[in-house]
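Order as written gives the chain letters A, B, C, D and E; numbering starts at 1 within each chain.
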Amino acid sequence: MAEEFVHLAVAGTEGQDLEINMGPQHPSTHGVMRFVVKLKGEVVESVQPHCGYIHRGIEKMCESLSYPQIIHLTDRMDYLSAHINNEAVCLAVEKALNIEVSDRIKYIRTIIAELNRIASHLLWWSSMCMDMGAVTPYFYAFRDREKILDIFEETTGGRLLYSYNCPGGLMNDIHPNFQKRVKEFIPYFRKSFKEYDELVTGNVIFQNRTMGIGLLTREQAIAYGVTGPAGRGSGFACDVRKRAPYSAYDKVQFNEILYNEGDSFARYKVRMDEMLESLKIIEQLIDNIPEGSYVEKMKAVIKLPEGEYFQQVETARGELVVHIISDGNKTPYRVKFRSPCLSTLSVMDLISRNQKIADLIAIGGSLDLVIPDIDR
Amino acid sequence: MQGVLYDFTGLIQSIDAVFRASMSDLWATVLEYAIIGIIYLVIYALIGLFLVYAERKVCAFIQVRLGPNRVGPKGFFQTIADFIKLLLKENIKIKNADGVLFNLAPFIVIVASFLTFGTVPFAKGLQGIDLNIGVFFIMAVSSMGVVGILLGGWSSNSKYSLIGAMRSGAQIVSYELSVGLSLVTMVILTGTMQLSQIIELQSDGWFIFKGHIPALISLIIMMIASTAEINRGPFDLAEAESELTAGYHTEYSGIKFAFFYLSEYMNMFVVSALVATVFFGGWMPLHIGSWQAFNHIMDFIPPIIWFILKSFALMYVIMLFKWTFPRLRIDQLLKLEWQYLLPISLFNVLLMAFVVYMKWYF
Amino acid sequence: MGLKSYLSGLFKGFYSLLVGLRVTNSYFFHPSRIVTQQYPENRKTLKMFERFKGEVILVHNENNEHRCTGCGICEMNCPNGSIEIISKMETGEDGKKRKAIDKHIYHLSMCTFCGLCVKSCPSKALAFGNEFEHAVFDRAKLDKVLNKEGSVLMKGVE
Amino acid sequence: MTNQQLEEVVKRLGVEAVISEAQFLTVEVPFDKLFDLARNLKENEQTQMDYLILITGVDYVSSFGCTYLLTSTTHNHYMVLKTRNIDKANPRVDSVTSLWQTAEYHEREIYDLMGITFNNHPDMRRMFLDESWVGHPLRKDYVDESNIIERKY
Amino acid sequence: MSTQILIPFFITAVFLVAAGITLAYMLSPKSFNLQKQEPYECGIPTVGVTWLQFNVGYYTFALLFLIFDVETVFLFPWAVVMKQIGLVGLVEILIFFFILVLGLAYAWKKHALVWQ
């Protein structure tokens, strides 16, 4: 028996790579995603993503649904920034119909989108820390995210998937408590944000794990279409809120967070700073929500004029583009969602080569992939 | 020197005498051994069960949640329920696994932790194994555990296990040095390696106070290195839940997994008991120089309580490490050992030797 | 690597670890900050927000009357086909025959809580209920009939 | 750069293109000229279309089409590149992966769901569906009786 | 105390594991399923050999450890009697340490302390 093992273990395996499947059932893939990782010892030789485990054919489904009905499908793409996805379709439809929504709708949409962004970044923060082996931050972030979800639940009725937008406005008016609760949340979050920095950002282990890991240059980020915080961590000024403002973003002052290092830590810092920046946006808007109707008058059956319509929005993960091709019917002819995560995924192999397997997880965490967004 | 109020030496000797008077020497020895075995088995299991519960509660409180609270009062019997569940689970045999080694691994791990557990001095006279090379013995036996982990990981024929085992091999082997050197530092101060004597020497003050700076450095190094040696976070690379799913024990199920789990917790207990013994006077009450009244009051608290308090405080610190820090990467882990801890502890040995030579200790 | 940077790196790193430990330690010693809800025990005090989308209900008043005319707009607007309306012809008090619902069937298992049915209902018959404990052992139990036994159309609703 | 100027640049490139203005400047080219135009647009100093936002594959029933949304990170102008009349029986287009690496995944997605093959693509495999899957679901004539349920309304 | 005392501890530990496994064997359900016997790899069948020649990075540290551990063993006897032998012991150990640190410095310089 002993010889058999020697034979198995050594003969003919010199220089062979260890091929490992990470996923579909793996603690750190955040969904059903499979990476085939080739390893030399601990060092990653190549990463091959295999997606499609939860592909639902949203684009195909859209072709048989009317425009208001599409919206609730977009919730399920990047479910962490569901409101922003909703907004994208609504803005596209409004643009096609040449409807200018009132400021009230714009303000509410923007506030909720920014709250949604904070909630999404909080979830990212917690799961990235968990990927790196720190479990406690997970619970702190979820505790604070819960407050945002409560605000959402009170106003929209949903905690994760809101379906709060409809073409021409919103489903409901904001709840009377909305402003009060949001104003309570801002100082509370600022306080716990300090704790996050103490617990994780300043931590020497965390910094050593992320600094200089997963380097992505600006040119690569542009070529691979890496947008959102991951792109801005490489110095790629890709924020749609600045580049092509929509909703109320042209009315508020905020900075586009840019870091030039391009490593995991830069991506981490971009998101952390973005949360504070979102708070600033909310602070500017929350007291100034104008009075008015929460929904514009729309026809009962919405038919877009024939043509092609694009709408870009900045979700928590990057640039989401909705491309609607209409043939004049009440259902779209073709809908394409350009999801940010698909492009982000494509750099996975590039930036995790020659890193250790533990870095692969950290890089995956810092890219913040949401698998349903890839497998639409 | 103050008299020790609770001394179990006499009691144990009288039991020994009774046995030896009523039967032949051989039978008396066998009977005594059997009693020792049973008692230790029970304590081992109880502490193990309690530690799992304690860890869950500690991490729950840190993480702003309640932790187990369904089975028994405040969830106290949760681990017993878990144990029963693990006992009733099927033991899955992995295809292509090396059956002999696969089954041997839990034995090695448990034997290593049980033997070190035997050396823990609970109170004066209440110590199973009190060799004159006690400190050395603990080091030697505890490093046996890595063999179990390596075997378990390798024989599973799973890639995650293999990486986990390899990591733990490199890791434990490296941190062994720092543990050894920081113990050497303290041995210079004590002049003996027998645990019971080390405690006796601390009756007028714990070594952490007596040895001041070098003892403090040594304590810090010892805490870091021993956390790494028992494979606990942030040094839990061998398990690395987010990378390797469960590391070396990925393929173990049911009771065999439970043994790996148990040994991990018991190693934590042994390590903190060792630190408590060497640095904080083991079961010795807190005595401050010439404050007679204070020392007498302290003496009334039973030594077992002292010992348990100290080792649980240390275990709390080790748990706090795990639930605060992100995991290190393998190269950082080795860098920390070889470029920071080892040079510092080498320096610390010299410092302690110098302090002892100049008689600067108290 | 100079000795100075070596040592400063060492101490800075060590200090950052202590800062982190302080945070977690403070949480351990302040159990009042625990946020866990004891769910099944707090059922009595647990109150969902009024807009919470638990399930679609057909609003009935105390006289067992509802406002559903059986027009089928909700059925048409539902993206997933989770609403089915079976209507019947009924003779009203004035002797006219009119369409009324026989069964308003709601497949909870298919519902995505988009709210289009509630929003589009012309007679405001539908609403969202706060019930969220939907777990059942049999999938067939998720197909619900929303109109209660013997309920009739509220007067004045066309 | 305004749409007007962009239009002039495209005209100067000497490609036979139908230019129209919708939301963005739309340039329609035959599919065999697409790659040249794309390369010119990327390399031209005045356009510098270095960021490909999306590629949409469209089934026009009689033929296939591809729509490219391009933008420049330096000039921040947008342009839509369109191609139609891709042969239905054997749809083949030149891949733009060598210009924009992000196209690799987007083209694989289109190949998977729409069935358009891209020439010179480094890794032309299915993206989401299994290799053994028959047909391309986003085509209008795709029928899958077990998974697609026709809506009544 | 003699080392005999190790015997009951060793036997008890072995007994504990053996009893646990036997008990579990008697109590636990048994079912046969080929899928269940696959080693865990996220639900995908394993590709390639698991037991292959592995990276040398891990083994260099084992070698380094061997050198230093043997030296630690030498330190213990000295440590025990340090208080009695005084200056002579201190000087001797300084020389010993000098050689030890030289080895460490050499390994450091050669980047043997960095994981490859």
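Methods note: a residue touches a chain if its C-beta (ideal position, glycine included) is under 8 Å from a C-beta of that chain, and two chains touch if they have at least 3 such contacts.
If you're wondering where the values come from, they're calculated on a predicted model, not measured in any experiment.
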Groups of chains joined by contact, in the absence of chain D: one piece
Required minimum of steps from chain A to chain B, each step between chains that touch: 1
Chain nearest the overall Cα centroid: A
Reference chain E; chain at largest CA-centroid distance: D
Pair of chains joined by more contacts [C-beta pairs], B-C or A-C: A-C
Between chain B and chain D, centroid-to-centroid distance (C-alpha), Å: 64
Distance from chain C to chain B - Cα centre to Cα centre, in angstrom: 51
Chain centre separation (chain A, chain E; CA means) in Å: 44
For chain B paired with chain E, centre-to-centre distance based on mean C-alpha positions, whole Å: 15
Junction residues of chain E - those touching two or more other chains: 41-42, 50-51, 54-55, 57-58, 115
Junction residues of chain C - those touching two or more other chains: 17, 20, 23-24, 35
Multi-partner residues of chain D (at least 2 other chains): 151
Complex contact set, residues of chain E against chain A: 41-44, 47-58, 115
Chain A residues within the chain B interface of the complex: 1, 5, 18, 20, 26-28, 39, 42, 129-136, 138-140, 143, 199-200, 203, 205-206, 208-209, 356-361
Chain A-facing residues of chain D, complex: 22-24, 26, 50-54, 56, 58-59, 67, 69, 73, 76, 80, 100-102, 104-106, 109, 113, 126-130, 137-138, 148, 150-151
Interfacial residue positions of chain B with respect to chain C in the complex: 58, 61-66, 320-321, 323-325, 340
Complex contact set, residues of chain B against chain E: 33-34, 36-38, 40-41, 44-45, 86-97, 103, 106-107, 110-111, 114-115, 118, 128-131, 136, 154, 156-162, 166-167, 169-170, 173-174, 176-177, 180-181, 184-185, 187-188, 191-193, 245, 250-251, 254-256, 258-259, 330-331, 334-335, 338-339, 342-343, 346, 349-350, 353-354, 356-357
